[in-house]
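For clarity, chains are labelled A, B and C in written order, and residue numbers in each chain start from 1.
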Amino acid sequence: MSKRRAMVIGGGISGIQAALDIANSGYEVVLVERLPSIGGHMAQLSETFPTLDCSQCILTPRTVEVGHHEKIRLATYSEVEEVRGDFGDFKVKVRRKPAYVDWERCTGCGLCQEKCPWRVASDFERGLGKRKVIYTLSPQAVPNKPVIDREHCVYFQKESRCGACAKFCPVEAIDFQQEEEVWEEEVGAIVVATGYDLYPMERLREYGGGRYPNVIDSLQFERLLSASGPTGGEIRRPSDGAVPKEVVFVQCAGSREPERGVAYCSQICCMYTAKQALLYKHKVHDGQAYVFYIDIRAGGKGYEEFVQRAMEEGVLYLQGKVAKIFPQDGKAMVWGADSLSGKRVEIAADLVVLATAILPSQGTGDLREKLGIKIDESGFYEEAHPQLRPVESGVPGIYLAGAGQGPKDIPEAVAQGSAAAAKVVALLAREVSP
Amino acid sequence: MRRVGIFICHCGRNIAGTIDVERVREALRSYPGVVYSLDYLYMCSDPGQELIKEAIAKRDLDGVVVAACSPAMHEITFRRTVAAAGLNPYLCEVANIREQCSWVHRADIERATLKATQMIEAIVEKVRHDEPLLPLAMPMVRRALVIGGGIAGLQAALDIAAAGYEVILVEREERLGGRMAQLSATYMNFDSTVDLLREKIERVTRNPHITILIRAQVEELSGHLGDFKVKVRQQGNDEEYEVGAIVVATGYDLYPMERLREYGGGRYPDLIDGLEFERMLSPTGPTGGEVRRPSDGRVPQEVVFIQCAGSRDPERGVSYCSKICCMYTAKQAMIYKRQVPQGQAYIFYIDIRALGKGYEEFTQRAMEEHQVLYLRGKVSKVFPQDGKMIVWGADTLSGKRVEVAADLVVLATPMVASAGTFELAQKLRVATDEHGFFSEAHPKLRPVESLTAGVYLAGACQAPKDIPEAVAQGSAAAAKVLSLFSQEKITHDPIVATVESELCAGCGLCVEVCPYAAREIHPLTKISVVKEVLCQGCGVCLVACPNKASHLLNFAPAQMMAMIEALEGG
Amino acid sequence: MRYLYFPGCTLSTKAKGFAASGEASARALGIDLVELSRWNCCGATFPLATDNLLALVAPTRVLLNAEKEGDHLVALCSICYHVLKRTNMLLREEGDKREKINLFLEEEYSGEVEVLHLLELLRDEIGFEALGERVQKRLQGLRVAPYYGCLLLRPFQEIGLDDPEEPRILDDLLASLGCEVVEFPHKSECCGSYLAMNTSEVTRELSYAILRSALASGAEAVVTSCPLCQFNLDYRQGEMAAHYPGFTQIPVLYFTQLLAIALGIESEAFGLADHYVDPRLLLVRRGLP
């Protein structure tokens, strides 16, 4: 007898869509997310191509809907430990890290975050900004309940010397003794939507290997563009806070390089680079943006026209790979080429943005072993058939959606989320209907 | 007297960057009817919504104005919030001080702030006279119609049927499979498309929940979400069906070669398009799968493939990219080389758009393993000479012009929406975009929904895409249908037209102008009535009525006048 | 430790100082470099055309002769090392090419020889820490810019000596001798190589860019492992001074020369007097040797 419930692993836009479609069809969903709140990388973006919608504006209605949906249970700050069973009857052990905050009591007032005296580099801001040790990922987080970062918490690391959050919490929700929770969920189907991470800049040694503050990756640039980011939406060089007048965008930073083990194309970089260059020009009118590329991959609806717009608004596109980036006299020297003129090009840039390759998110390898599903040679989940079964994993009852299956943009991730939901609903319905 | 609460959103810096929200908040406190005024960073977020709910309870509000972004974004969100607090959702209105104020007046903070204040005051006027409307219940027929039996339509039908619902699948041609049935093999594994399709088609044919209508077309459509009445014409006979939801998966055609005059305008036998080449490569095609020159049947030794033959050309009206050509051209070149190893294949391109899993590696294989010569440059002209087709192109890497005397030329022509799309769109009352493809509700977050309730889109009819994407969209559209059908009841937005019967003269003008066929003259009373479940609240009938007998609920003339006065600063 | 040693043509003629300082340093560290009894020119280039097999006959003969006397072959010159190593790999992996080449030689090369560079021996057999302990005369914080050039590092799949983007072997060696190694972005950029023969302006420009970068990074000397690099960087400095205003000359040394000094060995044979830009002025100023 099938459990009329499903589990979605991963609370990014793809997982959110899957959860909503399954829940709207009448089935209960448990949404497991590793971070304290849902939204994934889309929450870090400032605007989305090609419409330039504010990312938070189109994401928040979805996250809020998930948060309020009577059929969706959020299990954030949690990961899947073990999976047993078969379709119709999976038993999944889930482990939740201790947040050291009692979320039942917490009202989300935010006072603890205000009063915490300690700041550390924020992962959400990709190292460009700081957060408190007790934190939510953003003021709009769903659920809007904080967690304590034990590793950096003075109370834990220096034997109870602090506890400011506990002192100020009006509902006594801080619980330093909280332990991790492990429990078992019984579900009929699982959707895996664990998303992506960016290739670490340390491995791009010819581009500075992450050592130069003014050579950043695209997600870091998104945080600079974001109104809610570390610079309040102003484009500033990390080294000295100056407004950069010459910005170089390097596409294919790591992708399409079999020698580096990343033979594939990361698919979204051409589009987001055009968007970032365009937004940079909108914010810094007298700035110059350059994009070095090999091909411009703009296939989706309205995408070609969007890139043309970037070119028409003054972004200089040069076809040629960038060989090297190094510091000189306070600038980042970029050595590239321009195939059209056949010449080498050297640019003294104030800021360089690398469109680094997309990798399957950390932990994909472990998770797929627990689930017993396949991954391909690049580490992404492998679909049952590349043309005809893009959201099926090959293991009945387990479906795939989003960038965990391969790099893709938001509309594709959303479509896959819905597609996986259709499969789940059909599975669960079959067992129940006469 | 209404007790109205004002909630002003900063929207990060989007609104607060231009409008002095604190000043607006204070100014509104003293406006008649306003008992509470608040501002917050992101009103649509969880904490923002909590503030609204709290205020409704504590201040006993019975009218809410949220000053934020466009109602198209969050009106539903805020109405739900308000409903959760026990207030009728139609007593909640949105004042758009972002798209209509802060975003368009960035240079003038003073006047933008004043305008925002006046806009909100206008909405307060509206809310003060709003009626607490109740959503209308609608019937729900749990049967779906899928228009188009290509791979996207087949997938949608299977997924809907898998959940136990009835599906009517209408296909114009005499067989299922659409364009995929015309192809030879897929990239990247060179699987035979016919074999792949066969499995899907068999499953559809065997499925007891799916009714297949071949050589059939949709003639007429009326009704609305939950209760559409479709007339299908099949070989002269008409049959009417009742369905609750529709999936449109009508696929694509290729741009006619006649219009590519610099490439011969379709007059030369040895100059063919991508689909014709597929037929040639297909074992069930006219040459049994062997590549031959159409003119004299010889095996071509020099084949030129031209990508972007029409696409990415705004002057031609096809500014978009057709997405799949880079991949199928690489595939076709590789199949050609396998058959004719000593032959030479050239591909002229602008960019190589190898998106998709394994696609990049696939095109590299064409170059490295099959020695397909890729030349970056547009082809300016193709013409016949001494039995060959002369191709004039360029190679930006060497910076030189290139001339190739080809035995066969294959054009990757643009994908266009299939013939009859526009007429079908009109019947379904679904919008199409400037290129003729069906318009989705939102390009990022609602790729398979149209703006017409109950009509979903899947496959290339929405935009050029390849098989895995079409399949995913077919399933996605099915998911939307399933969530629709799973609901116990369907409701319709109650902002509909209404008739003041004493003023109605029964002239019938409103019936003529209504685009949704939602008006009719009642046979007995001879007065105009509104078929509420069809009415979309567009307001055309209001304008047409010479007696001003038609009103829109919650948009009464008195409300409109009060709003205008507020905007004038009176 | 005994290793077979291939000096190559240039080290036996124009770059005798490189060879002498290398052999002497090795001996002082207990590495006995025994010259191959029969050897010929390695060819000095690895052919760019994949079917140019005739050019590989010469280096194959070197390997063949080495096989008769041992199983390791050490080279000092970057170019010889590069050619021998890549030839070795090709012979091992492409049987049909190996057969063709063997036809010319009338003997069969089995592919058993390992080709090594002296730097590898120093790093892997002795270890830079241990080397540091054997230093008699620390180089007093002499600011050096280690210059790798191309052939010592690339193509990475075939050479594999060190990271091609951020090599460290020469940096670490020099640091263990007591030098202050500067970070210099042009450390693995091309000096112009053979273009010195017929298009010397290109070589001059490329070499100038390298030297300017080294000077900007605060180096007092550039240190290399390749006689052609040394030639391009050193001998053209007169021209550079004439061509590029504000250019200051900077000595270009072989790593073995500094190694010998650090190990306390002195000899006229090490060739310090033969450089265009005399390094002795700098060394004397720093109290070396």
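Here is the rule we go by: contacts are C-beta pairs under 8 Å (C-beta built on N, C-alpha and C of every residue); 3 or more make two chains touch, one makes a residue touch a chain.
Predicted model only: the values in this text are computed from it and were never measured.
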In terms of CA centres, which chain lies closest to the overall middle? A
Tell me which chain's centre, taken as the mean of its C-alpha atoms, is farthest from chain B. C
Averaging over Cα atoms per chain, report the distance between chain A and chain C in Å. 47
What is the distance in Å between the mean C-alpha positions of chain A and chain B? 26
Once you find the CA centre of chain B and the CA centre of chain C, what distance in Å lies between them? 64
Touch list for chain A against partner chain C, complex: 205-206, 209, 259, 324, 326-328, 333
Within the complex, chain A is touched by chain B residues 11-14, 17, 41-42, 44-47, 49-50, 69, 73-74, 76-77, 80, 84, 151, 159, 162-164, 186, 188-189, 191, 196, 199-200, 311-312, 314, 319-321, 323, 351-361, 364, 376, 396-397, 399, 433, 437, 440, 442-448, 462-464, 467-469, 471-480, 482-483, 486-487
Using the touch rule from the top, collect the residues of chain C that touch chain A in their complex. 156-157, 163, 165-166, 185, 216
In their shared complex, chain B is touched by residues of chain A numbered 13, 21, 24-26, 48, 50-51, 53-54, 56-58, 60-62, 64-65, 67-68, 108, 139-144, 227-228, 232-233, 255-256, 258, 263-265, 267, 295-305, 308, 319, 339-340, 342, 376, 380, 383, 386-391, 405-406, 410-412, 414-423, 425-426, 429-430, 433
